[in-house]
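Structure in structure tokens, see below.
Think of it as A, B and C in the order they're written, each chain with its own count starting at 1.
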Amino acid sequence: MSGYHLGLLVLLSFNVIAAYAVYLPLAAGQLNLGIAGFMVVGAYAASYLNNEMGWPVAGAIACGGALAAAVALLVAIPILRTHGIYLALATFALGQVIAAIFLNLEVVGGASGYPVTAHIGAVAVVGTAVGVIAFMALLSTTRFALYLTAVKSDPLVSDLMGINIRFIKVAAFTLGAAVAGVGGGLYAHYFNYIEAQYFSVMLSVYTVLYVLLGGTQTVWGPLVGAVIFTLMPELLRASAQWRYALFAIFIILFMAARPQGLITAGVGGYLRKRFSREAV
Amino acid sequence: MGAPFLSVKGLSKSFGGLSVIRDLSFDVMKGTSTALIGPNGAGKTTVFNLVSGVYDVSAGSIALDGTDVTAMPSRKRIQAGIARSFQNIRLMQHLTVLDNLLVGQHVSASGLVDLLQPFRLIPNHRWIRDAMQELEECGLQKYAHERISSLPYGIRKRIDLVRATLAQSSLLMLDEPAAGLNATETEELKLHLDLLKSRGVTLLVIEHDMHFVSAICGHVVVLNFGEKIAEGSFAEVQTDAKVREAYLGTEDAA
Amino acid sequence: MIAQQVINGLMLGGIYVLIAVAFTLAIGVLNFLNFSIPGTFMIGGMLSWAMLKVGWHWTFAFSAALLCAAFVGLLVYWLTYRPAKNSDPEVPLVSSLGFLVLVENIAIIYLGSDQQSFPQVLADFNMRIGPVVIGGAQLISLVVSLGVVFGLSIFLKKSNAGRRIRAIAENRDTAALLGVNVGRLVPQLFVFNALFTALGGILFAISYLQVSPFMGENLGFKGVSAMIIGGMGSIWGAIIGGLLIGLVEVLSIQSLGSDFVNICVYGLLLVLLIVRPEGLLGKPAARDKL
């Protein structure tokens, strides 16, 4: 595989991981505009553990994910008392605060960035992405996944059916943050350098946009969204700015005409029947 | 006679300054079917919302089988045995019939292992079998994989009922189960309710169709402007002066 | 030199007020968190700069910017708000974010991504009041923005159109039933909002003499914070919120260094959203049981 194609695959892998990090809370109706903040936590935590404390890379990245999850859990309980746009704004503010904190943390380089010693190859990145997809696909066959959709569709009825809405939302939010943290840790060790400025709110915004483009009704939507977002500039041979501009136009038109995204439950139902078995 | 299964005492509810339910008391005996009737706006659905926990009570108490559930969070009430259907159906539009029923099963599958089992990968899983069985008993199994949004009103109404029964709860509250159904569908509904009664389920039904009420329910509570104005058998209530006045011009008594 | 910093904070706050008011109008009347507002703000600044660079007189340059912003505002109405009437509230929010991304990148493509210095349009003069120096342009900016906002507030309270707008805010369907021409009034609101924010961009440009394609992003998000702190849907709240954010920003730069600005501003926002989401003057948000 050529270097160019490999690079593209790696980029796709990062976008896929980010997509699923956003997808979990979004499936439960929570717009997380601060996902970049959790990536930052994972990135810096993993790098620090590896650089300064000599942890093996895999362990450091896993721990980065766990730490991101811990932060999420800590803020989830107060934040998830809000909902709708308040929640979106709270996550946005959280992302900004986290990024700003790391930007000022001199122990990890502050604004000048943080070099990371250990390197992981493309195989590890792509492999993790595949693992995330498999994990999400498995998760989609559980009651947990069903309840995410239920909580989004009709929280009143879900509550009356006995579902613990708070638990589902916190779990989705935390798990999403863990995935984001792992993605951040991978990023740090692949590029061997982190700068907090990269993990800006616009990164969260772009991720949310392509997940919504793919569709959140099924587990394949985020994958499709990530693929489109990653491959579109390559297919159009356009500059980075044009890619974002065209992507934005795409999103606007989609939200107007087909807000449920590309892959809806109807389309996904066919895929699901191939993938699982139901009693006749 | 025995202790009442559902006991509502001095129930009151106000929204801001607006008093919607005033000092309401009635009992429902175990295994019986009671109808809650009254003109539109009498507060019947509000009573359901109070008993199921959607609203907090402003005053009064609600007891189920001797246990006081007044302060119990809504989420726990289905576990305590209170299930309900909805006046406007409230099935999840984008999900299939089967998925809606699976959600309705939650109370009997609420552990952590239940939550995380990849049950859709397991052929002929118990949950799916149970849901399909309920559908078969009503002759609705062919709709199992249809999305709710694609189904006609009558079918959706019955699926809402099936969902409510999946919890196998002891008290089933039905909000206008016959509304909008044609004659055949209403007969099928009556059969379904007879089946439930034979299983020992206690029914509390809001209805406007008096033929239906007299066929299904042995006991009737009449509400008007948030207060109980009469209670008794259908025949007793039918001839009550206050009830006739409340309904004057809006209903013919059966 | 606290007094000077306070004044500087208020000056900056004046700009935030305009953005916060635009957001609060959109939320209050249309229940729509319009993230294209930072975009039209940027258009005000950047397009003015571009036209001035080409040699236009400032009246034409500013008009061009305002016109362009109005056009974008209409586009947002047609493509974001109108189709989304029956969708989740996140859909128009996301679509408006799309508009922000779009205008920002178009600006980068055609005008470059660098920060640009804005030519001196107003005569350079300062006022001294005691120990405090007030930049002329900034003062005009503050006066204009507060003036426009007060005017808006009076307009909404006293005029017929204002009453109709408030009716829409109460309940759009009822307003339509009562004869309010919602189909005409709402696009006018969008255009007005866009003009309003573009004006903010212009005022910022003449006060601080710099513009960049990212100015919308930078200031817009703080403007949203100002709106929330003041209380969604409340114009007075937006005024207080805007001035407060301006003060917090300037004072935290002074005492903690510019690095901590974001932490302070967004930290305040986060705490407020959790503890008192209705902000200082907003109505308490209907808290579901769930």
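What we mean here is this: contacts are C-beta pairs under 8 Å (C-beta built on N, C-alpha and C of every residue); 3 or more make two chains touch, one makes a residue touch a chain.
What you see is a predicted model; the values in this text were computed from it and never measured.
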Chains most often in contact, by C-beta pairs: A-C
Most remote chain, CA-based centroid, reference being chain A: B
Centroid distance [mean C-alpha coordinates] between chain B and chain A, Å: 41
Mean-CA-position distance for chain C and chain B (Å): 50
Centroid spacing, where centroids are CA-atom means, of chain A and chain C in whole angstrom: 30
Residues of chain A engaged with two or more neighbouring chains: 156, 159, 165
Multi-chain contact sites of chain B, meaning residues that touch two or more partners: 54, 74
Chain C, residues touching no fewer than two other chains: 289
Parts of chain C lying in touch with chain A, wherever the complex brings them together: 27, 33, 79-80, 83-84, 87-95, 97-99, 101-102, 105-106, 108-109, 217, 221, 224-225, 228, 259-263, 266-267, 269-270, 273-274, 277, 285, 287-290
Chain A-touching residues of chain B, taken from the complex the two chains share: 52-54, 74-79, 84, 86, 90, 92-96, 98-99, 102-104, 106-107, 109-110, 114-125, 128-129, 132, 145, 147, 167
Residue ranges of chain A touching chain B (in the complex, touch as defined): 138, 140-144, 146-147, 149-150, 153-154, 156-165, 217, 265-266, 269, 272, 276-279
Parts of chain A lying in touch with chain C, wherever the complex brings them together: 29, 31, 78-79, 81-86, 88-90, 92-94, 96-97, 99-101, 103-104, 110-111, 155-156, 159, 165, 201-202, 205-206, 208-209, 212, 239, 241-242, 244-245, 247-249, 251-253, 255-257, 259
